[in-house]
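A short worksheet on the structure shown next.
Chain nomenclature is as follows: A, B, C and D, assigned in order of appearance, with residue numbering initiated at 1 for each chain independently.
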């Protein structure tokens, strides 16, 4: 378990991020044209192992649809601007145009409007009408309140996403969501997270979830470390949750819960590494917020930036790099890992001799030197 | 013990700072509202596990009182400007306004005035009158000389703080303070340090101290490394002294000596990490010097900066961030870990499923990757 | 095998680059004048253990000849500008003069001209006429198509070089080159690579190759890491392939396959380290592109920068430092490891007491501290 | 032995520099006034464990005398400017005033003048007349040629110093110096080095040397790494040679050979660390070149910068910080470890409870975290 003695009364486990590892070639190579990146969860099959993070800077109903048509799975944040405003364009522009020092306040104002259940219905209908898989996300805090509306609106993939979601939330004041009961009663598959440890993920798997999101659920890693002292490096988290998937498959007599890496994925190389650590698919925020069509207009933010007492993130500039199609399928115009994500993944798999995502989870990796 | 061979004739122990570790979530989460951060030492109970470092840049009688009213423990440096000057305002302004190249000389002049025992009495009386716990600090060098005045002035918590305080100081020229006898004769609880090793701390615990300060006692870490070659990374030091607390509790038949981390605490995340390593409370300097009320006016310095032969620190700019209340209890206006320290600590504890400080000492930690 | 647990379901091997290691002196020293750097492969003997990377920025027919006369082995890229244009001067100037933002497009245009087999014949004839060893390189993709021309043109050393070349390439659409058959039928020795693992290299050795190129075959390391997530630190790769050389020598009853380090060689110190890890010779690109005679005019690029879908490199500025002779044989005018490569190698060998390249493979090395 | 597998065919030993380690306090503290830093070698006793590096930028006859009067041992480079020029002032000014790009050429010209034996005699006479210990240094290459003059001139401590000096130098063209015979015939004690390994140092000890210089003998570490690929981190080197001292004392029946750390000593903290690793004394170059009296006028260089074929160093700016006395004995005016070196060493020893240099070799050290 890689335990290191920090001092006589405390040990720590060595943990690793994607930056610490690399994929290595083996004795075989393969044609990139022969590689498949397709991925299935429940009854749904996707050509790309890409799920969008439900964040207003990346996903509007339009980009949810566009991503679906390109072969991925778009997910709309059902507590975001699109369910608070009939037309959030003005808010998105205010956010994009705010000076950096005003940005937290502008975000707080924009998100202080109430969520309108009828807008949830309307947005999901728009997505279904386009013929792509209908997926929407709620936070665990509001799932009980809003899930009925969401289900009635015909969601096909239900995402419950928070910084840390546990199957065992304790509260003296609020009756917490009983995930197991909730998921049992649902007819649609659920993806739930973030979870970063073997045990937390195993418990989530036992709730009946179809997929577990691995990561600190949209939390900006550097802020979380400074503010909370919490850090869960992604390579270790994904490899731990992949072990939970294997052990849960054994204990459940064969139920395969999908592992979706959610965080620390800034380049196409990171996507390859996430799969190498055991992920079935990746949830992307920043890299999709760089698309020309992204509603964030070159800015990216998460809901934790809106907190009035303890903001743990901020609006950050990511720029506008290329149309969504180029970001996913190329061509890329620079060797920076920001575009043609899937082409790069295919080449990474081909160079190391693998032909599908599940097999590629077995590729050899190295611990990088410290240069 | 993590021994590493440096060369054939010398081994070293691997040591770690707070920056090297992080707290990790577990399978349970909790409501931040259900979390308690209260802390008791001797007969005194505090809502916040926060002790102020006795430094003139952070603590005046007024900020000692303000901190006490917010739930922490303020400590006045009884060898500082407040016991050398009837009104130190002019000196504080000279220090704040000095050019950087003159600052050491200005500090040396300010601290060359004699300590007036009657000012010790007056300052402590002012604090007691405000109804908060009365705590004052002396260096080990002057404890014998000034302690009678301090006790007579009605101190309730006696702090003896130096760079390194041992229970076994050897001198050919001066009769050293016999800590054990001194503490035995006192009626008030004593916090003493800095100590950074298991053995040094165990010996201090055996003197009868109520609390041990873990750290290089106010020494600026980077200067100490360059000038003296000495460094005691805090995560290791706290975890070692926590082991001494446990072993001393066993040997003493149940006396619990409090471990107070004193150094390396620049953000709210560091406070969570210090407790995770075994601290019962933290002694804060820099982060309190950033308060609007801080007498340092945005500057911070320690007494080791005043040394005429061998300055081991300097006046440093920390800026003025927010009122003391916001720094401790929020709201924070930026995700930098400099404000709402207690709100952040509560969220860190809640996210990892803990509800009080003593329990939180058991939280799992990781060794961070080197990115 | 230096395995590190990344997470419960994945382990990684710790790998090292040349920057991570250093050569150390032993108890003996030697005169630099007594040191030999000569190297033989097949029937060819070279005073310098230096092979040029077949890249247009470094090697023209003229620099191939110049390098050969100085004692090394020049290699012409037979799919480069010299076999696409009767006179590539205009193209080289366009590339050198392009603005950085246009450089990828300019490279793509320059390399879109067809390869003319008669130019292969002409260029190799020019090299043979100068009396130096005739060496040319093809990619594995075009070896089948162009090798007949190359052989007929009288090549004496055949180089097959790609990012990753395996003895076992799998393709559903194209009949891959059967390296073993191909090499068996040839009368001339073959150097083939890149290979970065023990197994991949062992398989290449079994094809009958005279030398294996160790490295990611001209891929720009930083881009490859970002775009593909692939990284093969060179010190580990060379030491692994050296073990394959030893084991293959045993299994083959004594056939010695030469190990040529190809990548990560930015300074003369890196050349010493490559040999210390087990290399017989080094393939140099960047350091030769800095020569005054280099066709790149101070710029350096690889063919992977030309890719239209997924560029994994770019034109980079390396500057023009000194004439080729000074770069190899000195004098150097600065202590930066960019010139007098062979003089530095000799001094490194002499200082540590070794007198020839094969012996120097046994020199002690250290893992550098992280400062 | 801390072996790390770099690849299947090569292992490396982990090595450490002074920056990687720190001294740690123990359970005892002591008065700095009670600490002695005195050091004896052969019949000579010095109050300070400080030997000057024989480099023209730091040592003139005048600074040799000044250092001796302050309690250290000054050493004149007998192949430097002071034995090439009746009055080297003009040369020193040319060097100090040269533009950086011309500095190597200016150095080469200055050192191209011939060494005049009569100046060796004159310089050493001047030092003896001042009543301090007379020490001079030659390179191993010229020891045979010039030693008779040096001895006749009345040297009391003979220093033989090169990048790497071995007891077993091999040359086909020049009869190498037989160190053992040479030292046996001498009446004066010899310090010899650099040596960086246990075995090399043990062999030097067996030649009869009174002291071994540990380090790469004046080589600029960063250039040596880039140019030669050689690096010998000082903490490991000193601790290895200290083991050789212990083992040689056993094998010789009690002869104590002094270990003098020579390199990597930029601050007072580094001096404490060198002793903690086992050094009896330190040889200082850079820190003495910062003295107001230093002949380098704020510049520092070594003879390896003069090499015409392969310069492995350069003239570097070190600035002029304080008079020599302040640098050694204080007061310091900044907390940077550049002044009051001995006061800092005494405080470091006192804080950790030690009272003399030999005892302080046993102080505990830690491996620093990577922050």
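Points to keep in mind about this one:
In this text, a contact is a pair of C-beta atoms (placed from the backbone, for glycine too) under 8 Å apart; a residue touches a chain by one contact, two chains touch by 3 or more.
Please read these numbers as outputs of a predicted model, since none were measured by experiment.
Copies chain B and chain D of the same chain sequence form an interface built mainly from non-equivalent positions, shared numbers / all numbers used being under half.
Each chain's centre was taken as the mean of its CA atoms, and the one lying most distant from chain A is D. Per-chain Cα centroids separate chain B from chain C by 58 Å. Taking each chain's centre as the mean of its C-alpha atoms, chain C lies 41 Å from chain D. Counting only residues that touch two or more partner chains, chain B has 14, 16, 236, 370. Going by the touch rule set out above, the chain pairs that meet are A-B, A-C, B-D, C-D. Contact residues on chain B toward chain D in their complex (touch as defined above): 4-10, 12-17, 19-20, 104, 163-174, 195-197, 199-200, 202-203, 216, 220, 223, 225-233, 236, 305, 308-314, 370. For chain A in complex with chain C, the touching residues are 1-2, 14, 16, 18, 20-31, 33-34, 198, 235-240, 242-244, 246, 267-273, 276-278, 330-337, 340, 343-344, 347-348, 351-353, 364-371.
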